[in-house]
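Below are two complexes that have chain A in common, paired first with chain B and then with chain C.
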Partner chain A sequence: MEALRQRARELLEAGSVQVIIGYANGSNGRRRPLFARRPEQLDQLILEDNPPLNLAVYLRKPEIKRLGKAGVVATPSILKSILQLAAENQYRDSEALFLALDPTGAVVELSTADAIAKYLGSNGQAVTESESCAEIASLDRDGRFAFWQQEFERCIRCYACRASCPMCYCEQCIADSNQPQWVPVAPHSLGNLEWHVSRAMHLAGRCVGCGACTEACPAGIPLRLMNQFLADLVAKEFSQKAGAGVKLDYPLSVFNVKDREDFIK
Partner chain B sequence: MADFEPKVIAFVCNWCTYAGADLTGTSRMKYAHNVRVIRTPCTGRIDYMLILKAFASGADGVIVSGCHPGDCHYTSGNYHARRRWMVFRGLLDFLGIDVERIRFTWVSAAEGAKWAQVVNSTVDDIRRLGPYTAYQQMIGKGVERTLGDPAD
Partner chain C sequence: MTMIDRKLLKKESIQPLLNALRESGRRIIAPQRSGSAPGTWCRDLGPGDEVDLEQRTTVSPKSAFLPMVEEILRYRNEGKRIVMEGSRVQAQPTVVFGSRPCDTRALHALDAVFLHVPGDLFFRERRAATTVVTFSCESADPDCFCTSVSGGPRDAEGSDLLLTRVADDRFLVEVCTEKGKQVVELAPHLFEPAGDVDTEAFVATVPVRFSPVEVRKRLQDLFNDEEFWREQSLACLGCSTCAFVCPNCSCFDIQDEADLKGGSRLRCWDSCGQKLFTLHASGHNPRSVQSQRWRQRIMHKFSYLPEKEGMVGCVGCGRCSRACPADMNLLERLTAIAEARI
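Up next is the complex of A and B:
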């Protein structure tokens, strides 16, 4: 930790990065993002193994880009998101610098997608929540409908799930489109269902499973389950995994003539 | 339920199924009148939101149909659509939406008879399943939450 803070300080002082993005202690025992632009601000930096938010989301925001080159204290989730962003041409090599720790506690500096892929190959652990998916999938159809209706009922459409997701980088979101209005803006049952279906569909095969959406949701909706379900489906049907490498096709923009079609009658 | 007439929306592609449905008509074949056909350029154009919008507009069932694999006018629109349907169908099923009410099929421009059979069997299925009340009841629900407390 001290080595990491030291390195971050050196980077800021040398001007190789203009801002260090990491975590700090927030109020009520929560974690908050830290944007350190001066070396002394790094005193607040803490290391978090399982952070509730994915810092990769900030790299796409214009207000953060304006600060200059960023150094990010990275966890495997963050690095996986960066790989997926690189595969989608949303991250250019050396656009930012990622500081991670190797098993010996030494600081590793990564800035290219290839280096990140290599690091993840030896350090990245898979996060899965397939069990809870199976629990819901085992309910009958009415049970699943009732379960999700009960969950979606609490949605207030604050779009925190969208804001917290590094993959939700569209400048204009389908939910904001009003001509035509694809997704009703009001948080009633139909609007909520359509929003969550849109969100899950747009993340199908792209979600790396960091869980930031579920953590960000003020209503406690287990959004991650939908993403996990679709990630499993895409992995099973198309043998593709988000964030698994530098060169990835978006599974829904390619096809295989031998794709399953037993549901087409 | 005896007087229940299913409402079925069909999203079809311009080049195969729409022409196939035309052939059904010009061949003077009769089929269930419950279907409302919406012509799209290609199955690749059939956004999953269109299917949700059909249900939101009161449809009890949806037919989605286009060119057989390999026959797409735009070479590969139907292959892309097939993948998208696979994911969409999986998600809807996971969310507890009745995927039996969505019929995916391929009908070519020469298959006028198949179109009649697709529509008839879908309408029969929907008639057996009854109106999609679970979805239709959901549509009105929660609107009061958006209006605020009248006492305020």
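Up next is the complex of A and C:
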């Protein structure tokens, strides 16, 4: 940790980056993002293995961009997100600098997708063990529907799930379109169901499983179960995992003659 | 208007009181647990449902007065004619049971907006038909700051009945209004006369943290300080969580849902934190960055509402601080404003 803080300080002092984004202790036991622009602000920096928020989300925010080049204290989730963003042409090499630790505790600096892929490959720290979907998957169709109906009933359509998701980078979201209205915007049961199903489908094979949406949800809806289910399905059907490589042919938009078709009925 | 009459109610009489309310044909909205979620939620209380009065609801009970979504008109197409089917105001007698003093006080800010002459038909009817039974807070957490904004854990403002836990598993019932009296009269046998009772033992202590007068004064000079607002809101993700859990926020959006046969016009909660909130049809957005949206949130609650309505648009319930995914603690930011050197 001290090595990391030291390196971050050097980077700021040398002007290699203008802001270090990491985690700090927040209010009343919570964690919060830290945007250190002066070396002394790095005193607040903490290492957080299971952060509630995926810092990759800030790299697209205009106010953060205008601070200059960012150095991000990166967890495996953040790096996977960046890799997936790179595969989707949303991250250009050297746009930011990522600081991580290798198994010996030495600081590793990563700025290209290749370097990130290599790091993730050799430092195979598992991203937080994802919750199992098995329990819900074992229910019958009506049971699953009833489960999600009850969960979505609490949705207040605050879009914290969208706002906290590094993969939700659309300039205009499907849910923000009035003409035509693709998804009902009102937080009634149909609207909520359509919103969450649409979002899950948009994330199928793209979600890296960081869990930020679930953490952000004020209504405690276990959104990651849905995303995980689809991720597992895409992995099974297309042998693809989000955030696993520099190049990714997004399975839902790429045709391959070898694709199985037996599931189309 | 204050007509405080004091009674005692045994803890085990809560359920019989709820039964009496239901039998009188009233709809009951009360905090309940839901699915896998932590926290409690204000929901219609069915006969077998269990009330959970132990904690503040995650989302404020304001939806009892301003639903997340409500139909304000409906129409159908008949050939080239559009036939208006008008609006249906649902104003079944309702009891909000288990509100907290902060949430109940927040009704003043909703009243200021929706009862402003000529008044919003839907809100007015619903408000008139609703009785608010508030429970004093026995505990507070560090996000609570009701006492900084004129409230308090045993504040009766806006309540029809205020229940405060006292010794011997009883509640002191303060009957504040005629509506409250009607509730007591539904089951008078459940209530005992109250003598001198000590209410202090079970009431939370909430220290005063800042002065809203000071905040308002500073805000007038801070408005154009872009750097200040940028610093305050760097972490803001631009979701609507703070506004939607808030008991005071009253902004709404109108949405039409229609097909070839007809449609309905819906009023839905909206939030100034969203980019779309001020986006013009031309593409211009007068609040183009998040810092301006955050400034609006603070200005509205702590400058505009005090100026226009003589009240702060915040009751210090702390929900926004608890729910914010980026830990944008409101109390911390207000304290920073109050202490800002300009």
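The rule is simple: the second predicted complex is superposed on the first by the 254 of 265 C-alpha atoms of A that agree within 3 Å, B and C clash if a C-alpha of one lies under 4 Å from a C-alpha of the other, contacts with A are read in each partner's own complex, and residues count from 1 in each chain.
Here is the rule we go by: a residue touches a chain if its C-beta (ideal position, glycine included) is under 8 Å from a C-beta of that chain, and two chains touch if they have at least 3 such contacts.
The structure displayed is predicted, hence computed values, not measured ones.
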| item | value |
| --- | --- |
| Chain B versus chain C as contact partner of A:134, first or second or both or neither | neither |
| Which superposed partner A:106 touches (first chain B, second chain C, both, neither) | neither |
| Which superposed partner A:218 touches (first chain B, second chain C, both, neither) | second |
| Which of chain B and chain C A:230 touches, first, second, both or neither | first |
| First (chain B), second (chain C), both or neither touched by A:257 | first |
| Contacts of A:153 with chain B and chain C, given as first, second, both or neither | both |
| A:188 touches, of chain B and chain C: first, second, both or neither? | both |
| Contacts of A:47 with chain B and chain C, given as first, second, both or neither | neither |
| Shared chain A surface residues [contacts with chain B and with chain C] | 147, 153, 186-188 |
| Residue numbers on chain B that touch chain A, as the complex places them | 48-49, 52, 56, 69-70, 76, 79-80, 82-98, 103-106, 134, 138-139, 141-143, 145-146 |
| Complex interface listing, chain C residues touching chain A | 34-39, 41, 58-59, 68-69, 141-143, 230, 233-235, 237-241, 243-245, 253, 255, 257, 266, 268-269, 271, 274, 276, 289-291, 321, 323, 325-327, 329, 331-332 |
| Chain B-touching residues of chain A, taken from the complex the two chains share | 133, 136-137, 139, 141-149, 153, 174, 182-183, 186-190, 192-194, 196-198, 200-201, 204-205, 226, 229-230, 233-234, 237-238, 251-253, 255-257, 259-261, 263-265 |
| Chain C-touching residues of chain A, taken from the complex the two chains share | 26-28, 30-33, 35, 52-53, 57, 61-64, 147, 150-151, 153-154, 156-160, 162-164, 176, 178, 181, 184-188, 191, 212, 215-216, 218-222 |
